[in-house]
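Following this line, the structures themselves.
Note that chain A is present in both complexes that follow, paired respectively with chain B and with chain C.
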Partner chain A sequence: MKKKVLSLMLVAAMTATLFAGCGNKDEGTTNNTPDTQAPAAEDSQAGGDTAEDPIANLIAATEGTVALDLWCSETPAYQEVMAQIVENFKQTYSEVDFDITIGAQSEAECKDRVLEDVTAAADVYVFADDQVTELVNAGALQPVEATYTYNPSETNSAGAVDAASVDGKLYAYPLTASNGYFLFYDSTVFSEEDVQSWDALLAKANEAGVQVGMEMSGAWYLYGMFSGAGCTLSMNEDQSNSCDWNNETGVAVAEACAKIAADPAFINITDTDFSAKLAEGDCNIKAYVDGTWRSGDIQAAYGDGYAATKLPTFTVNGAQVQQGSYAGYKLVGVNAYSENVGWSMLLAEFISNEASQLAIFEATGEGPANTVAGSSEEVMASPAIAALVAQSPYADPQRVGGKYWDPAATLGKNLAEGTVTDYQAALDEAVAGITAPAE
Partner chain B sequence: MKNFLNGIKNYFKEFGTAVAKGDFWTKSSLLVMGMGYFGRGQIIKGILMTLIEIGVILFTALFSVPYLAKFGTLGTVQREEVFDAATMTKTVNDYDNSLLILLFSVVGMLVLVAFVLLYLNNIKKVYELQVLKEKGKHINSFVEDVKSLFNGNFHITLLTLPSIGILVFTVVPLIFMICVAFTNYDQNHQPPTYLFTWVGLKNFKNLFTNSMTVSFGYAFVRILAWTLIWAVLATFTTYIGGILLAKFINNERTKCKKLWRTLFVVTIAIPQFVTLLLINKMFSDNGIINGLANQWGIVDALKEAGIIAQGQNGIPFLSQPGWAHVMIVLINIWVGVPYQMLIATGILMNIPNDQLESAKIDGATEFQIFWKITMPYMLFITGPSLITSIVSNINNFNVIYLLTNGYTTPNPTMANSQAKEIDLLVTWLFTLTNDYSNFKMASVIGIFVFIVCAGITLIGFTNLIKGDREEEFQ
Partner chain C sequence: MKKTIKLIIRHIVLALLALFWLIPIIWLVVTSFSAHKGLATNNFFPKQWSFDNYVQLLTRPDTVCNFPAWFKNSMIIGVACCIISTIFVLMVAYAMSCMRFKARKPLMSFMIILGMFPGVLSMIAVYFVLREMGLTDSLLGLIMIYSAGSGMGYLICKGFFDTIPISLRESAKLEGASEFTIFTRIVIPLSKPIIVYTVINSFLAPWMDFVMARLMIKSKNPADWTVAIGLFNMLQKTLISEYFSVFCAGGVVVAIPISILFVIMQKFYVEGITGGAVKG
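On to the complex of A and B.
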C-alpha cells in the first residue's frame, strides 16, 4: 500500500507543480480542468468558417507536433504491425506532424495500468473486451459519439459491437474477434467424429494413450460448461452478478465436469503450462481447449495433424449438450483524458479499419472483427478462425462483474481435482460469492 | 504520560508569559512574525520569518483553502464532458477530484499545524530575545546564527533533511491512507471521473463481518494468523539456519572454508526474484519436479495413499493449502539462510575468545558452549535486527507473491473476499488494490498491518533490548 500511495503522492505532487505552473499564468489555482479544450476551441473558430468537414477543421486547428501514446500488445508481431499501421496513419494525414509512441502493454492487463492513473495512461490503447465495463465505470473511455472515416457499428460483427458497448452506447472500436476459445486437436490421433463429444474424445484418448486438456480450474473456461447447458450468469447495472448455477441443471453440469475431470485421459492444465509443455517437445496432450493466440505454438507442435474445431458436446442428465464459451474481442479505446481527443479518435479509427484489421490478421493470425475482412478467403482458410466461427453461435460476450472470477476459479479447481462431495453445497457457496453485492 | 502532559502545560504557560510580559516588539510579533527580530537588530532573521509567514498565508489562502473547503464532502461536482463532433474537441466542466481534495487537504492541514507550532515557538523566541536585551547580554547576528548551525546546533542541521523526508514520504502518505479507510474509494468511485466520500466506520465493520457474501472477517482472521506464523517461522528458521551454517563452516574440521562461504554467497548474487520465479516454475503442478514425480510413479503412489486428490496432475507443492505453506517456509530458508550466514559469521568471529576457552577448560561440551555462550551472545547482538526482520517478514511481499503466482484457493469462503490461504496481509492488500481497485478495504487492512508492525517493534525494542544488559557480556 505504501508503495501505491507513494506513487500516487508522486503523481499528485507532479500534478500539483503542473497546476502551480498554470496558476501563475492565468489567475487562480482552483481550476483543475485539463486544458484540452481551450486552445483547440479557440483555433477551431478560425477554421470553422472555411470547412464543414470536421477532419479538415481539426487539421486546420492543429498547431505544432501532435504527441500521442499508443498501447498495444507486447508481442513482437503486434509491435511491428502497429508500427506499420502508425506509419500509414502519418502518411494519410501528412499535413500534420505526429509524434506517436507505441508502448508495450498486454491487452489482458491494460485495465490495471490505465486505472493506476487515467491521466497518465496512453491516449489510445488496445484492451480485451472483458475490461470494458470497468474502464467505463472509471470514466477512462471516451465514448464513440461520432465517427469520421467509417462507422464501426456497421462494419463490424454484431457481437463485436455489442462487446464494445455498455448500455447500448459504443465506447470502443472493435479490432479483433478471436479472443474466444475452441478446441485444437491433432488429427493424426482424433478423427472428426471423435472431437464431436467429450465422451468420444476421452474414449479415443484413453485408447491411444494420449491426454486431452482444458483449464477447468479457470473461471473463464468453466463458464462455457454452465452456459452450454443453459445456466445463466449476467451482470447487473451495479456491477454485481446474477447467477443461477445452483439450480438442478447446474448441479448436473457440475457433476458432468467432475466426471470429465476424473477421466484418466483428462488433464486440467493452464494455457501457460500447456505452452511450456509444447515447448519441451514431448507433449502428450493431443487436444486442448485454447484460443488463437496459441495457434502458432500448437501448429508447430502438431505439424500436419494440426486442426481445430468447435468445442465438443458433453453429457448432462443423459443428453448431449453443446459446450458454450466466451467470445472475446480486442478493442481500441480512446482515453477520455487524452489531450488530443480528436486525433486520438482518428488514430483509433485508423487502427481498427478494415485494412488495418487485415494487416493485423496477417501479422498475428488474430481474426478480424470487421465482417468484410472476416469473410475474406485468406481469413477463412485459417483452421483456428474457422473453428472460432463454428463456435460463435454458442459463444457469449463476456459481461460479468469482478466478483465472478475468484469464487468461480475455486469452484473449477475443486471440480477439476475431484474434491467436491456435495455439489449443491459447493454451487450454493460459489453462487453466493459470485452474486455478492458490489458494495 | 504525566511528563508529556506537564510538558504541554509548560509549553503554553511559557507562551502566555511571553505574550503577557512582552514589550511592543514582542507583542507586534503576534501579527508580523519578524517584528521581534527587527526590534533587536536581527534584520535578516526578521525578514525570513516574515517571508515564511506570508508564504504560509498565501499558500493556505490560494492553494489549500479551496481544497479544505471541500474536505467535508470530498467534492460535489462530478466530471461531465460534452463532445463536439464538428470540431472534434470536448468541453469539460470544472469538476472536483476527490483524491486531490483529500490529498491536498491533508497537506494543507499539516502545513497549518507546522505553522502554528512555529508561530508559538516564535513568540517564545522573541520573548527570550527581549529578556536578553533587557539583561544587556549578547544577541547573535545572522552570521553567528548560521555558524552555530555547523557548531553548537549541528544536530538541527543534520536532522532537518531526514525529518522533511519522513514527513513527506511517510507521514503524509500514512495520514492519507488512514483517511481513505474511512471513505468509499473503490472500483465504483474512482477519481478523477467519479467522486468518493466519507462513510465513517463502515469499512471497519466490514472487516469484522462474516456473512455468506461479505466474508472479510473470515478471511482477515485466517490471513492475520498465517501472517504472524509466517513472520515468526521465516525469521527464526533462517536465523537458526544461518547460525548453524556459519558454525559448520567455521568448524576447525571443515576444509576449504572460503570455498564453502563463497558458494553460499553466490546464491545471494542471483536476484531473489529470479530464484523465486524459477522455483515457482519448478514446483508448479506441471513443472519439472512434478514431471519427474509422475514418471517415477510417486504421484500415483500418493494418490493411492489418499494423500493427494485424484484430479491432481502432480504433487500440489504450491497449489494447495498446507503443502504450499510448508513449501513457502522451506523455500524461504533456502533463499534467506545465506544472508543470515554472512551476518552470523561476522559475529561468531567476534565472540570473546577468553569466554570460550574458560568454558572449555571448565569441561563444557560443544553443545553447552553453543547454547550458553554463543547463542546468548548472538541474540544480544542481533536482537534489534531480529525484530526488524520479523517486521519485514510480515511485509514479505516478494516471496509469497512470486511463489504463489497462480494459486487458486479451494475454499469458497476465502474466494468470496478475494483472499487466499497463503496470502499475507500485504499480498491480500495488493490483490484488492491492483485487481479489484478496492482501495477502501486495502486501507483498512493497511492500518492493521501498521498496528501489528508498530506493536511488535515497540514491544520488541522495549523488552528485548534493555540498555542495562550490556554488562552481562563484558
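On to the complex of A and C.
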C-alpha cells in the first residue's frame, strides 16, 4: 500500500514539473519579446533624425553578455572572412561583451534547417534569396522596419532589395549578388567570337580537340535554355508553378538542347565533378557554364587564358536566341524568435554593410549587392563579375516552387543523354510534374 | 579430381564475394592516403600517396574539420553510455532471470512489445521534451537518450543468466547473501562473455549513431558536433572537393577505438564461451 502511494505521488510530481516547465517557458518568451522588440520598434521612429541614438539606447538597454548565433556558409573562405567581420563588429561596439558563435550552414539548405525548429535556429543567418517567401510565411524572419546605421534598401541594388522583399516589405539584408551563372572559358583556345554562340563554341572545340561543359541535367541550369527562348516558369501564390514549356517554342528549345548535347565536344558534367577534374590537373574542358564560387579554381586551372563572358546564344527554329539564366542573391536574415532582436539586427546590418561586402568579395570572389562596393575598381576588374553583369539583362530572379526541381532535372538528364524521341511527350510529362500542386 | 575442381570453384566464389564486400573498405583506406584532397573518380588508387590527411585531421582543426573536438564529444558520449547501459542491462537481466515477482512475466512481454516499435517514431516527441528541459545541444541530453531505454535490451543477457545453475544462488542465499551480493559476487563473475557482448554493443550504438545526434544537436558550431555529424558535413557539395580524402581518413580513425575495444574484449569473449562449454 505504502509503495503504491509513493509511486502515485512520484507520478503526480513528475506531471506537475512537466506542466510547470512548459508554463515557465511560455512566460519566459512572452516576457522576453516585448522587452527586446520594443527598443527596436522605437528606434524606427527615432532612427530617421539621429543615427547614433538608437545604438546608444541599445547599448544602454543591454546588460551582461550578448550571446548571438550566426549561421553562414560552410566553406573555409567564408568562415574565415565572417570571423574577421564579427571581430570588427565586436571592436566597433566594444562597450558590450559579445559571445558570437559562427556556425557552418550552407545557404542553399538554410531554410530547411531553420524551419526544423525556428526557436533553435541561429539569431542571424545567411540564406539564398529563393527561400525568402517560405521563411516569411513561416514567420522566421524579422522584418527590416528599423535600421541603425544605414538604409539597406538604398545602398543595395534594386534587384537585390526586390529579392529580399515580400509584398514590398524588406525582410532581409542583401549580402551578395552573384548566385548566377555564365560562361568561363580558356581564351588560349577560344576567341571572343567563338564564345558568342554554342554553334561556334562547339565547332571550335571540335577543331581544337577540347570539350565544352554545362550541367544540362541540372534544373537550375536548364532553366536558362527555356527562359532565353521566351518560355515562362513562375511561382503561384500557393507555391505551385505555372509553366508553358510544352508549347511550340519549348519543343524547339528541347530539340536544340538535345542537339547541343549530342555534339561530341559537349559534356554534361556537374559543378562538383568539374572541380574534381580541375583539381586533378588533366582537365580537357576548356569552357564551362558555372558561377563565381568556382572562379578561383578555374582561374588556377586556366592560368593566363582565364576569361569569362555572358552565356552564348543558341539556335532555335533557325534563329539565334540568347541563353538566359537565374540571378540569385545571398541575404542575411534575422530570426524573429531571437532573444536579442536588437543586437541581431545590428549584427546583420554590419555583416551586410559596404566594407563587409567588399571583404567577402575579396575572400570568396562573390559580387557585392551594395551598389558602391559593386562599382569599385577591384570588383569591376574581376572577369567573373563583369560576365555576371553582362549576363544580368538575360537573368531572372529565382522564384520557383519546390515541385520544379525533380521533373526538370529528369527532363534535362534525358535531353543530355539523348534518350528523348518524342519531345512533345517528354515536355508534357515534365510540365505536368512541374505544375503539380504544392504539398 | 572432381573434388578439387569443386573446391576451386567454391573458393573462387568465396574470394569474389569477399572482394566485392571489401572493395569499398579498401577504397576508403587507400583514398585516405591520397595527396589529392577531392573526390577522384577516375582512378581507384591515388596517383600520389601522402600521410597529410591524417595529420590535418588530428593536428590542424579548422572551421570545417574539427576532428579532435568531435572525437572528444563522441568519446564522452560513448564511454558514458557504455557504462550506464551495461549496468542497466545487467541489472534488468538479473531481475528478470533470477528474481521472482508478480509482474515479471507481464513486464517482460510489455518490454518486448515496446521494443518492437521503431525508436524513430518517438524522435520528435523526445526532441520537444528535451528542448523543454534545455538539454538539446548538450552531450548530457544525448547520453540520456542513448542509455535511458537500454535496459530493454536485456533479453540475450537474461538468456545467459538462466544458464547459471540455480543451486549456486541458492547456496549463497543460505549463507546469508543479499540479492546484491549474489549479483556482484556470484552472477557477474560467471558472466564475462555476456558482459563483453553488452559492453561492445552499448559502446557501438552511440558511437556510430547519426540520426539522433543530428536531431538533437542543432548547433552549427563544428566544435559541438559528434564524429558522425562532422564527417557527414564534410560531404557537402561545396566541401567535398577539398575534404573528401580527409573524410576517408576520419572514417578510418573512427574504426580505431572500436577495434581496440574488440581486440581487448575478444580474449575474454572466446575464453568465456569455451570455458562455459567445458563446464557444461
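Just so we're on the same page, the second predicted complex is superposed on the first by the 386 of 439 C-alpha atoms of A that agree within 3 Å, B and C clash if a C-alpha of one lies under 4 Å from a C-alpha of the other, contacts with A are read in each partner's own complex, and residues count from 1 in each chain.
The rule we apply is simple: a residue touches a chain if its C-beta (ideal position, glycine included) is under 8 Å from a C-beta of that chain, and two chains touch if they have at least 3 such contacts.
Computed from a predicted structure; not experimentally measured.
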| item | value |
| --- | --- |
| Partner chain in contact with A:A140 - chain B first, chain C second, else both or neither | first |
| Partner chain in contact with A:W293 - chain B first, chain C second, else both or neither | second |
| Which superposed partner A:E95 touches (first chain B, second chain C, both, neither) | neither |
| First, second, both or neither for A:D273, with chain B first and chain C second | both |
| First (chain B), second (chain C), both or neither touched by A:A426 | first |
| Which superposed partner A:D406 touches (first chain B, second chain C, both, neither) | first |
| Touched chain A residues, chain B compared with chain C | B |
| Contacts on chain A seen with chain B and repeated with chain C across the two complexes | 119, 273, 276 |
| In the complex, chain A residues that touch chain B | 1-2, 4-6, 8-9, 12, 15-16, 20, 23, 28-34, 36-37, 40-41, 44, 48, 54-55, 57-58, 61, 112, 115, 118-119, 134, 137-140, 142-143, 145-146, 148, 217, 238-239, 261-262, 267-270, 273-274, 276-277, 336-337, 341-342, 345-346, 402-403, 406-407, 409-414, 416-419, 426, 429-430, 432-433, 435-439 |
| Residues on chain C engaged by chain A in the complex (per definition of touch) | 36-42, 62-64, 127, 131-133, 136-137, 218-222, 233, 236-242 |
| Of chain B, residues touching chain A in the complex | 62-63, 66, 79, 81, 83, 85-95, 97, 99-100, 103-104, 168-169, 172-173, 176-177, 184, 186-188, 190, 192-194, 212-215, 281, 284-286, 309-313, 406, 408-416, 418, 426, 429, 433-437, 442-443, 445-446, 449 |
| Footprint of chain C on chain A - complex, ascending | 18, 21-22, 25, 69, 71, 73-76, 79-80, 83, 101-106, 108, 113, 116-117, 119-122, 271-273, 275-276, 279-280, 293, 297 |
